[in-house]
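Input: structures, listed below.
In the two complexes that follow, subunit A is the common piece, with subunit B as its partner first and subunit C second.
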Partner chain A sequence: MTQLAPHIFNGLTLGLLFALIALGFMLIVGVMEVINLAHGSLFALGAYFALTLIGMDPIADTGFGQWWLGLPLAPRYIAALMFAPVLAGGIGMLLELCLRRTYGKAPLYGLLLTFGAGIVIEEIIRLGWGTGEQYLQVPQAINGATFFLGSIYSKYKFFAAGFSVFAILGVWAFLEKTPYGAIIKAGAHDSEMVRALGYDLSKLRLLVFGFGAALAGLAGIVMVPIWGLRPHVGIDVVIPAFLIIALGGVGSFWGAVFASILVGLTVGVTGAYASAWSMMSMYVLLILVLGFRARGLFGRASALEN
Partner chain B sequence: MSKIIMNRRQLLTTAAAAAGGVSTFFGPWKHNRVLAAASDKPIKIGFTSDASGQYANSGASDRRGMMMAIAEFNEKGGVLGRKIETTHIDTETTPATGSRVAERMISREEVGFMVGAVSSGVANAISQVAQKYGVIYLNTNSSSPTESGKNCHRVKFVWDGNGSNFAQAAVKNAISAYGKKWMLLTNDYGWGHDTAAATKKLLAKYGGTVEDEFLVPQGTRDFSSALLKIQQASPNVVAAAVGGDDQKAMRQQVAQLGMGEKPAWINNQQDWPDVYGLPIENLFGVFGTTWYYKLDLPGVDDFVKRYQAMYPDTKMRVPGNVFYNGYMATKNLLAAIERAGTTNNIAVIKELEGHKMSAADRMQHHDAYIDPVTHQVQQTIYLATGNTGTSDKDDMFKILSNSSPDEVKDEGAPGACALESYDATPTFDA
Partner chain C sequence: MMTLSNISPRSQQLITPQIILLAALLLSAPLWLTAIGLYHYIGLEIVIWLIYAMGFNLLFGYTGLHSFGHGAYLGVGAYAFGLFQQEIAVSLWGGLIAAVAIAGLAGIIVGLFLSHRRGLYFALLSIAFGQIFWFSAIKMRWLTGGEDGLLNIPRPELNLIFTKVDLNDNVAFYYFAAVILLVLVILLWRLVHSPFGRILQAVRQNEMRASFAGYEVWRFKLAAFTISAMFAGMAGGLLAMAQQSAYPDVMAVHQSGLVVMMVLIGGGLISFWGPVLGVILYFVARDVLGGITETWLLWYGLMFVVMVMFRPEGIAGVLQQLKPKSAKDASIRRQVA
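For the complex of A and B:
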């Protein structure tokens, strides 16, 4: 048990990181019923924006650049955490404007468009930031190692897991406790009624997509100090995010969070005892769950099931 | 109006003659083809390197090396009086794409030679197609021992050191320096398994023990389970055969935990593009390489200057091992064509087989040669570690030792490799 406990704890933190990765994807799928295959590229883009905001490479030689680089890393990192997701959200909004022509058509159109947009964003990253490996600095206070339950853990991973909890609660509060959240949810359930009440559904969709893209960017900033930063880093994101949504049940916020933790625990514990299966284990879990419950753990029953 | 009447025999004879005549001029896949080649027709080389996927960055570096070698030959007027032209198709770090690209390069682009690889899976796929058509293929940068072992081919030449070479350079010394209790961290695919097998063999030979082997599936981004297992097993040495993006993530996480010093880490090989620009803390442990831009040898400085003159805008300010291998492979191919005095593939293969390259020409410490049995370049293997004693951001490696080709020879390769005969290899003039 003493050997197993650190792996269970590790699986929990891993699950929270998976939840952060899936959050923006889940929001867009759940509310807009659009599978955003550009999620991974927006994830990478957020991290690259943060890299530029921290290092100010294009204007490093100007007076402002020098002043900025003279600041300690912590405020620059916090600024990047705040503003880089906004920039990624802006790109997400542009993508939503392109996506509008696909609404009401077969889902394949939206899939293809976001897939293509993902490739374009990745190429823009290559052109803008180069093809090589980059390093996103983090403040010393959250870097390095710490002891817990007799094992060494990364401080940064604790920070990332804590940040994930914060982001999950923030999104939940936005959707459940604010009038904007209520309108967004109403728009997802009955768009005609929302229009009849005088709300601009187009703006609503723009806002949701931008918010989802910003969350993808935020996840990128938090994750790349663990994974490393390269133009195609987002490839590693889309499939786990999709898997978590399917496992938790499309449209279920807490279903996705629960599924993330389940996936984290499965991967973490499998990693300890059958490491070759650690990646595969999440797919096995998906097959097992969907085999018995096709709508996912917390998904609503379809009309066919009643 | 006259009527031409042919009997069945005449018809068949005419058809056979026509087919034979026409086939002479189509595609390099026909036996004994004489390409409709005027002496001024350019020689076409296909770059089969990755521009996307896990090895996109290394693929770009590989390509730059090939292009510099070709530019140097073209400046001198080409080879055999013919200019060299190139074409590139992205192999996407995917074996299936590698096969498709090779087929297209040969049958549609009509390349005479193919150069480039970082992934052993992709290189293997390309070489199977190349062998089918008899097209010489240079595997520049993939390092699975199987590439010059069971997956060897008459048309394929392997230019990088392999997992077995690097393990031989490191294992014996590491046992005496750090201890006998080892743990293996192995990428769960061909190169990882082959390299781990070579390490296990050497551990058994020199009295080391394998406490545990942790298999790392390709695409792993979280190494916390592995790092917890290492803490629990507390080995003296961790021998990691983890490559590409997996390795980058692993290095980042090991550095974050401060576990780079203890236990000791032996990282089989370290490709320059994978670490260039990263913090020096990420470059923990001892690792192998075939070349470094600060080797104190004649020609190295000039080589670096030529690189910088040709690629003034690249973010990688100095060339690394991947660039070097791409350059050396291409340069030696073109030199072999010149020596052969023909672009006939069999003649060029014979020129390459057993070819000796001086240490001065290769800018390494020992003479090298192309093993005629396995087609792998037998060369100097260097062991290095992160250079913490300098403020020069480019000077990331500290070279610890060099081993001659015979000291690190992959003894298992000759028994595993069965090259196709010359007769079984389609022949053509490129």
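For the complex of A and C:
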């Protein structure tokens, strides 16, 4: 058991990070019943925006660039953490404007459109930032290693896991405790009624998609110091997000969080026994669960089943 | 509204003008491919992917099951062909039969899990299974050679009764693959216009109604899945021969998405011939655009996005709209009659 403890701890951290990745994806699926396959590309895009905001490469020689680079890393990092997701959210809104034409058709079209959009964004990243592996700097305070219960852990993982908990609670509070959340949830439940009550549903959808894309970008900034930053990092991300939603069940917030932690623990514990196969264990988990419960653990009926 | 279920003229015939046109194009291609600035190997690639894509459209377009993990069976076929040559015997037909059989077996096993699912959950599970195959191909180094792939797969010679044909020549191999494609196209044409094919389309249109009509829907979904996996296996066997090696990358989810893109752009949702247009466009675009710009995938992706937004019926849909009105009316009258 004592040997297993660090693996369980790692699995738990990984689960929280998966939850952060799945958060924006979940929001868009839950409210709009669109599977956003561009989620991974928006994730990567957020991280690349942060890279540019921290380094200011295009304008490094101007007066502003020099002043900016003269600042310590911490404020630049915090600025990136705040503004890069907003930029990713803007791209998400553009995507939503294209996506409008597929509403009311089979869910397949939304899936295909976002798949194509994901490829386009990935190629734009290759054009803009090059194809090589890049590193996102993080401030000294959250870098390095720390001792905990006699084992060494990376400090950054603690930061990332804590940040995930913070983001999950924030999104939950937004959905459950504010009037905006109530409108969004009502939009998912009965869009016609929401329209009849005088809310502008198309604006609502635009904002939800933008918010979901911003969350994807935020997850990207937090995750890439652990996973590395490559243009095709998105595909490694969208699949677990996808899987977690299916496992937790479409439309269930805590179902998805629970599924993330379950997936994280499965990957972590499998890693203890057969490290080469650890990432595959989550697919086996999905097949086992969906073999018995078609809608996932906590899912409700959804148009996406047809 | 155009759909695949509009009864196409001559659906009872074994050979239609379109099939003759395809045959003429395929069999004459080596004569003019180089003249228009292309090369013989691209013809080979197109033929192989056509087998894959037309089989895939039986599942995607006709049955309405949106598999995003179909590359797995292409890969399984390629590995089966290669391993048969290396471990059992150097044999053309043995290898191809092994490729089709093993891919079909994989299709049945996965299909048993998938045949009670539809919509999103079908797509999700097909991705999960595809990832498992891809992952296994990378990790099982002792069997597949891991990421380096399975190398040195021979191209066995074709043994006709009176003569032997050396398939190491790309043109000879092209003709061999093209003949296989034509046979499979005729088979597929008969299949989709048979009562079995009609039931598959009924499953797409309304699964519940089909089951109320007394059909055990899951059996038909399983059959469609298995048949399209076998087509992918045949394509995989030929691919292993063409490349003389087999790699796990065709099994990755991105590559599985590519065949979906090709089929959709061509118009597989509304036409039997959609995959043909889509596959040809993809490979020609790859070579022509790829020769001009390194970011050809960006333009291809943009074209795809625009297509999904404005013309989800694909190129075949555009062509059908261009048809003169009178011909269209005539075909509608035929359907009514």
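Keep in mind that, in the parts below, the second predicted complex is superposed on the first by the 300 of 306 C-alpha atoms of A that agree within 3 Å, B and C clash if a C-alpha of one lies under 4 Å from a C-alpha of the other, contacts with A are read in each partner's own complex, and residues count from 1 in each chain.
Following the convention adopted for this analysis, contacts are C-beta pairs under 8 Å (C-beta built on N, C-alpha and C of every residue); 3 or more make two chains touch, one makes a residue touch a chain.
Small disclaimer: the values here were computed from a predicted structure and weren't measured.
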Simultaneous placement of subunit C and subunit B on subunit A, clash or fit: clash
Touched partner set for A:267, first subunit B, second subunit C, both or neither: first
Partner chain in contact with A:279 - subunit B first, subunit C second, else both or neither: both
Touching partner for A:109 - first (subunit B), second (subunit C), both, neither: second
Which of subunit B and subunit C A:192 touches, first, second, both or neither: neither
Which of subunit B and subunit C A:134 touches, first, second, both or neither: first
Contact residues of subunit A, present in both the subunit B and the subunit C interface: 276-277, 279-280
Interfacial residue positions of subunit B with respect to subunit A in the complex: 52-54, 56-57, 60, 188, 214-222, 224-229, 231-232, 245, 248-249, 251-253, 256-259, 273-279, 282, 315-316
Residues on subunit A engaged by subunit C in the complex (per definition of touch): 35, 98, 101-102, 105, 107-109, 111-113, 115-117, 119-120, 123-124, 126-127, 235, 239, 242-243, 246, 250, 276-277, 279-280, 283-284, 286-287, 290-291, 294-295, 302, 304-306
Subunit B-facing residues of subunit A, complex: 3, 6-7, 10, 13-14, 17, 130-135, 143-145, 151-157, 225-228, 230-232, 236, 267-268, 271-272, 275-280
List of subunit C residues in touch with subunit A within their complex: 66, 113, 116-121, 123-125, 127-129, 131-132, 135-136, 139, 253-254, 257, 260-261, 264, 295, 297-298, 300-302, 304-305, 308-310, 312
